[in-house]
Structures are given as structure tokens and as C-alpha cells.
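The structure appears below as C-alpha cells.
Chains: A, B and C, in written order; residue numbering restarts at 1 for each.
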Amino acid sequence: MTASVRLNQLNHWFGPFHALRDISLEIEAGEYVTLLGPSGCGKTTLLSVLGGFIEPSQGTVFIADADMTSVAPAKRPTTTMFQDYALFPHMSLRDNVAFGLRMTGVGKAERHRKADDKLDLVGLKADGAKRPHELSGGQRQRVALARALAVEPDVLLLDEPLGALDLKLRRAMQDELKDIQRQVGTTFVHVTHDQEEAMAISDRIVVMNAGRIEDAGPPSRIYREPASLFAADFMGEMNHIPAQVGSAGAQTALTNLPAANLMSGAATVCIRPEAVRQDGKGIGLGDATVRDATFFGAYTRAHVIPTTAPDMVVVAHLPPTSLPETGAVLQLSVLPDDIRIFTKDTA
Amino acid sequence: MNAGTGTKLGWGFVAPALLWTLAFFIVPFLVMGAMSFATLEGRSLVWGLHLDNYIELATRAYLWRAILVSLEITVTVTIVSVVLAYPLAAIIAFRVPPQWQRLALLLAILPFWTSYVVRSYAWLLVLAREGLINQALMNVGLIVEPITLANTRFATVTGFVHFFVMLLTLTIYANLVQLSPNYRRAAADLGANAVQTFRHVILPLTLPGIATGAFLTFVLCIGDYVTPQVLGGNNELTMPQVIMVQLGRRADFPLASALAIVMMAIVTLAYLASARWLRLDRV
Amino acid sequence: MRMAAWLYLILAFGFIYLPVGTLVLFSFQDGTLPVPPFNGPSLQWYTEVLADDDITAALINSLVVAIGSSAVAVVLGFLAAYGLARHVLPGSAIMRGLLIAPLTVSYLIVGLGLLIVLNRTGIGLSLFTAGIGHVVINLPLAFAIIYASMGAQHENAERAARDLGASEAKVVLLVTAPMLAPTLAAAFFLSVTLSWDEFIIAFLLTRFDITLPVEIWSMLRSGLSPRLNAIGSVVFLISVTAVLILEFTVLRRRRS
């Protein structure tokens, strides 16, 4: 089962603290959306509002075109997967997964059958009789997922579900989550602070900061054309080059860059490390001296100091075969498409 | 950590406490055990393996009634105290705002710090024929003559329950507060109402804590002399009271020892019976 | 549901405070019976009680026994905890069990056992014998609390001290004990509280010099009197003040 979600002008205060500011968002039925942002940005608060654990001070929450703003969690077509899984330790896995069905009065045989189905979906078919403490972290996470899906919610809310897992397991689970979501078709809203995770699984990423939505869109668009300085910074690494926008374009210490339709005044030019080129194509950025270069497997990460701006350090990702010595001089350039300029009104 | 000199030194550290426990607990306990098999001939003590005391316990009504009375009172007190304390602990843990919980708990157990003897005395005041409750009931017109509340089993049970409700509120609260709030949220999220959440999630998870508290109540209650002596009157005596009578008037150490051994046996049985629930601690 | 909860809370608190409230209220009774009607307030009973030599003597005795027995209990408990936690000794599980065993036995039985032994060996009863009994009941508690607090971080500090040349005695005195100061204080305070209020062992094992609970007991034998209310309220006040001080100093500091 699946449904669309519409959030309109959500505002929420915890005492004097303004936790959510004018949040408006539309999520299509069946979308996998990630709420991404640093600690304290409001993403978990937003998830709680969606789940019905918090009633927002202002604004509305519509799920499948029905006003759910004040509806209790039990009565909403949502279920939440908690960060610590909250599996009932005194029940078997099967009883855990069947719990929601039991609460709605489903008979024993049928709810056990449905529970086994869901355990099968997450790959734990034979373990129905076990207790949570007998499982590993990754397995418990799957049971929590099965339990949340057993009641066939329209929207599944995941609160940093992969935080407790190690890197390899996390990557595997990301793929599995995406797979399962495609299979059941439910709308997934997933909270995380890990931007790699967000990029791996989302149909759309919603970047949040200080209670506001900074940017929302498909991972590729957010990465390549971030809408704000914060979003640009949060996703991957970014070089910041101060600039002055005037009649002659954006003037930086390295070179002048075209800046059509931009507000005059101070600005920041953002260039991704992998967009800094050595092959001379695109706009020249001048010479730079290598401060250090470290092999990172898929690329070489180099800190370079531009000749025309000795106070600046630029991070460049060079091909892995290139490992320049400290003091080597490189000629840098960048393609115009790879440049983002943020002025005061877009920062 | 080297085992060689370390071990000798280690013994050195543990020895004082061990010796103390041995000398002033183990040995007296064993002596008491031996004493329970001794007998009094006239005024002199005869050691040996006499079963007189235990036979007397089983046959003399005055004695085995005391055992029965102790059991009845203790079981009643345990059940009533748990039933009254659990909701109180739950209300403090779940309904009182988090920043006030510590204060609420402290206020709920503050009377703990009246001297144990004094607290039983205070209940005597409240329950006496001229006391607060009778006066209040007469003023309101519910009764004409004061009713006998003090010096009854009711008074003893009330005195005990008052003490143990405070103790159990503390232990059950500690147990409840340890539960991750996400358990309740998850249950609610999956469609459970308050009653269902309590029945299927909270109660089973707190059962070990309740069992521990109930066992503690049982042990402390059955061995207590003060409350029944102050509040119970002399119509029926509990085991501790009978033990003290044997010590005082008759200086009958053997019989007193036998009673004490029986009391310990009952406590051990209670432990074995409840061990099943006590062992279920797994979160 | 909300209403029912608050109603229950009020009723429960009413029940809990009924005896204490009555006690304190009628300690100010202007009259000879601590029962309604309440005339007063009068401080006559407080002045009488605080001027009573027997009571003051009993109070001091209680303090002496409490502090003395608690000090012994904490020292023995600490040494035992250190010995068991830091050395691999054969049969340590049995030793731990033995040290904790007195917790499982009713105080009456502890007192009875000691009474029998003292009686048979002809040793007289005194505050000292009562103190011995109190150490028996407080030692297991002190040991358990301190043993549970001896963690790995303490062990590393001790190793560092030994590495720098300290003898075993110095390590215990200069490193272990100070690091465990809050735990030792808590164990000490708990023991003092339990000993201060303890009746049956003190009753069985004292003769001429008695502790406060035993003194109150003998006062009780003379019937209802506001004197008991007054001394009871004083004891209550002292205990509550100590607890509140502990709560707002030691425990607050630990949280920040």
C-alpha cells in the first residue's frame, strides 16, 4: 500500500527553539525520499511529525489527501522504524512482526502466515521462533523492517536505520532497502546524516539545515547543481573561492569567471575537487604548487596552492596514476558547467 | 597482574572481611542451627540432636499458628503492596513531566526516613480509637462509636503496606524508567492502545523487576518484629513475635532457634519458587 | 484516563503522608494526647524531649554506633573488593557469595545468632556488640557497591602507579581509594542511614547503653504521648535534611 504525502507550511517550536521553519514538501506515492542534514537540523523532528508523535505548532500534514495533522500514530497509515529498532525482547521474531496485526484483531493463523511472509521478504524466513537477543545488529534491523511493513503502511518512516552498522554491512543494507522498497511500492521517508547513503538509495534527497529545507531533488541534480551554498557544501567536498560580482563578471584571485544574471557584491564560487582539471580544457585557473598529494584508491587527493592566491588551498582530485611531488607546479582549469556561484541571495 | 605474589596479597586484602563474616555471621548462624537441635532440661542447656523443638513447632497450636499468621500476612502485604505501588510508579514514570519525576519520586518515598519504630507508632495514632480516622468518621457522621482499627491484623497489614508501597514504588519506578521509550512508541505506532501496550509490552518486560521487589517485600515482611508488635495487638502473633517471646520470658534459645531456622527455610522456598521469574532478566 | 491518574496520585500521596503528617502535626499539640482535637501549636514537647538526658544520650550512642560500624564496614568492604577485583584468587565466587550472604537473612536472625554466641561465651551486651551486628549487615552492602564500581579505568591508573614504582599499599591509598571516593562516600552514607534507624539488632545486643530506636521503643511502652511525636519528628527532620543535602550536593555534582 502506498500514498502521497503533502506537508504545508510546517512550523514547530520546542519552547523558544524554532525547530521547523516553513517546511513545505510534496512526496509522490511510491517515492524513496531521504531527509539529509547535520545533527539538529530538524530532520528527526520532521519525521516525528510525519509519524504522529509530534503535533506541529503550525501547518498541515496530508497523507493520501486526508488531513492527518492531529491524528495519533496508531491511527495513521504510517509506521516508523526506530533507530534502536525497539524490538520487543520478550517476544519471538514472528510475534514481533505479527504484533501490529494482532492489535488490529487479525487471527493467530493468519497473522503468523503474514509475519512469515514478511520475514521471508527480509531474508529471515527460518528464524521466526528466535528471540531478538539471538540476532546480530543487521538481522535485528531487518526484523524491525519486517515488523513495520507487516501492517502494510502507506508510508514507512526510517529514523537513521543504518547508523549502528559497520560500513560494509551498511552498504549491503542500502541496496536491500532500495530493493524491498521497489518490491512493496510503499513510500519510504528515510532520515540520515550520511550523504553517501542518501545518494545511494534516494529517488529524491531533501537537504535540511537549521529547520529549513535547503534543497530538494534527485541526487545527481543536487550534487551537480546545488540550490544553496549549504547544500553544495554538505554533499561531497567543495572548494570555496571568494569572489566579487560586478560588471566584469565574478572576479576571483585566480581568474574572472562569467557571472550573468547574478546579484552584485560578495559571492562564493564553488568548484568540486574532481572538477579541477589538469588537461587545460575549459577556463584556465592559473598555476598552482602542490602542497601534498595522497593516494586514495580511486583518485589522488592533492592540496594545491595557487600562485596568484598563496593564502588559498584548493583541493583537487587527480587521476590515481598521477602522484606529484610536493612543490610540483600544475596548470589548473575548470569547465564552465562545473562552476557554481552563490551570491548573498542564493547562499 | 602476577598470580604469584598477587595471590598472597590478594588474600591479605580479602581476609579481614572474610574473617569478620565468618566469626560474626557464619559461626553464629551455625551455632543457632545447632541450638535448634538442643533442648532445655530445667534451666540447663543440653546439646545434641533433639528434634523436640521442631516437633513442638509442628504440634503446638500456638506455634504453628504463628507460622500460618506470618504467611497469611506476608502474602497479603506483598500482593496489596505490588498492586498499589505499580500504578503509582507508572504514573510517575509516564505521566509526570520528565523534569519533575525525580522530585515526585523523592516526595513519594520521603516518609521512608521516619524511624521505622516511629512510623509504626504514627499509624497507631492514626488508627487508635481516639485517633484521626475514627474522629473524622464520627465528625462526618458515618459512625457513632469508634471502631477498633488498631491492634488488629488490619492495622499490621496497613503499617506494612505503607512501608512497602514506598519501597516498591522506588524499585518499580527504576525498572520502568529503564525501558526504552521507543518500546511504547513502537507499540503505539503499530496500533496498540494504552491498555494493550501495557498488557503486551510493559508488563512482561517489567515482570522480573516486580518479582525482585515482591521477593524483597516478602523477606523483609516475614522477618519483621516491630510492626506486628506495635500495631497487631496480642490476639495473634507472628513468627518474629513468638521468637522474641521465647527469648524474653522463657530464655528458650533452642525453640527460638528452631523457629528462626523455619523462617529461613520459608524464605529459601520463596526464593526457589520465584527464581524462575527473577532469572528472566534480558533486555 | 488522565483524570484517573492524577486522582490516584493524590490518593496515594495522601496515604503515604497520613502517618507522617499526623506525627508532625501532633508533635505541636498543646495537651497530653497526640490525637484530635488539635490544640496548639506548642513547643513544650520539643523542649522536653531535647532536654531529656536519656534521649540525648541515646542520640549520641546512635551516632557513635552508626559512624563507627559504617567506617569499619566500608574499610573492610573496600579491602575485600580490591582484593577480589584485582587478584585472581581460587574460589573467588564462593568468597563473594559468603560476603554477600548476610543480605539474604532477616536482621532478627543475625541478631539472634550473635545473641546466642555472646550469651554462651559470657560476653556482655553493649553498644560495641550492637556495632558488631551492624557491621555484619552493612559489610555486604558496602562490599557489593564498591565491588561493582571497580572498573577498568581504575585498573589502568593502578597499573600506571605500579609502573612508576609505587608499592601495593601506596597504590591502594593514593590511587584506588581517592578514585573511588564518591562510591566510598555513598556506601558510607547508606550504612550510616541503615545503622542509625536499625532497631532489632540494637535491641537484642545492647543492655544499658542503648541507641535511639531502642530508646523510642521503651518510650512507646508507656503509651501514646506527644513526646514520641516530638522525638519522631526530630529524627525525621534530621534524616530528611541529610538526604536532601546529599541529593543537592553529591548527586547534583555527579550529574554536571
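Following the convention adopted for this analysis, a contact is a pair of C-beta atoms (placed from the backbone, for glycine too) under 8 Å apart; a residue touches a chain by one contact, two chains touch by 3 or more.
The structure presented is a predicted model; accordingly, all values stated were derived computationally and were not measured.
K.L.:
Determine the shape of the graph in which chains are vertices and touching pairs are edges (line, ring, star, complete, other).
P.N.:
Contact map by chain: line.
K.L.:
Quick check: more C-beta contact pairs at B-C or at A-B?
P.N.:
If we tally the C-beta pairs in contact for B-C and A-B, the bigger total goes to B-C.
K.L.:
Counting only C-alpha atoms to place each centre, which chain is farthest from chain C?
P.N.:
When every chain centre is compared against chain C, the largest gap points to A.
K.L.:
I'd like to verify one number: the distance from the centre of chain A to the centre of chain B, where each centre is the average of its C-alpha atoms, in whole angstrom.
P.N.:
The computed centroid separation for chain A versus chain B comes out at 56 Å.
K.L.:
When the C-alpha atoms of chain B and chain C are each averaged to a single point, how far apart are the two points in Å?
P.N.:
That pair's centroid distance is 17 Å.
K.L.:
Please give the residue numbers of chain C that touch chain B in the complex, ascending.
P.N.:
Going by the criterion above, the answer is residues 1-2, 5-6, 8-9, 12-13, 15-20, 22-23, 26, 33-37, 76-77, 79-80, 82-84, 86-89, 95, 98-99, 101-102, 104-110, 112-117, 119-120, 132-133, 135-136, 139-140, 143, 168, 193, 197, 199-200, 204, 212-213, 216-217, 220, 224, 228-229, 231-232, 235-236, 239-240, 243, 247.
K.L.:
Provide the residue numbers of chain B that touch chain A in the complex, in ascending order.
P.N.:
Against chain A, chain B makes touches at 180, 182-183, 185-193, 196, 200-201, 204-205, 282-283.
K.L.:
Can you list the chain B residues touching chain C in their complex?
P.N.:
1, 3, 6-7, 9-18, 20-22, 24-29, 31-32, 35, 84, 87-88, 91-92, 95, 106-108, 110-111, 113-119, 121-126, 128, 130-132, 135-136, 162, 165-166, 194, 219-220, 222-226, 230, 240, 243, 247, 253, 256-257, 260, 263-264, 267, 271
K.L.:
Tell me, which parts of chain A touch chain B in their complex?
P.N.:
51-53, 72-74, 78-80, 82-84, 86, 88-90, 99-100, 102-104, 133, 147, 151
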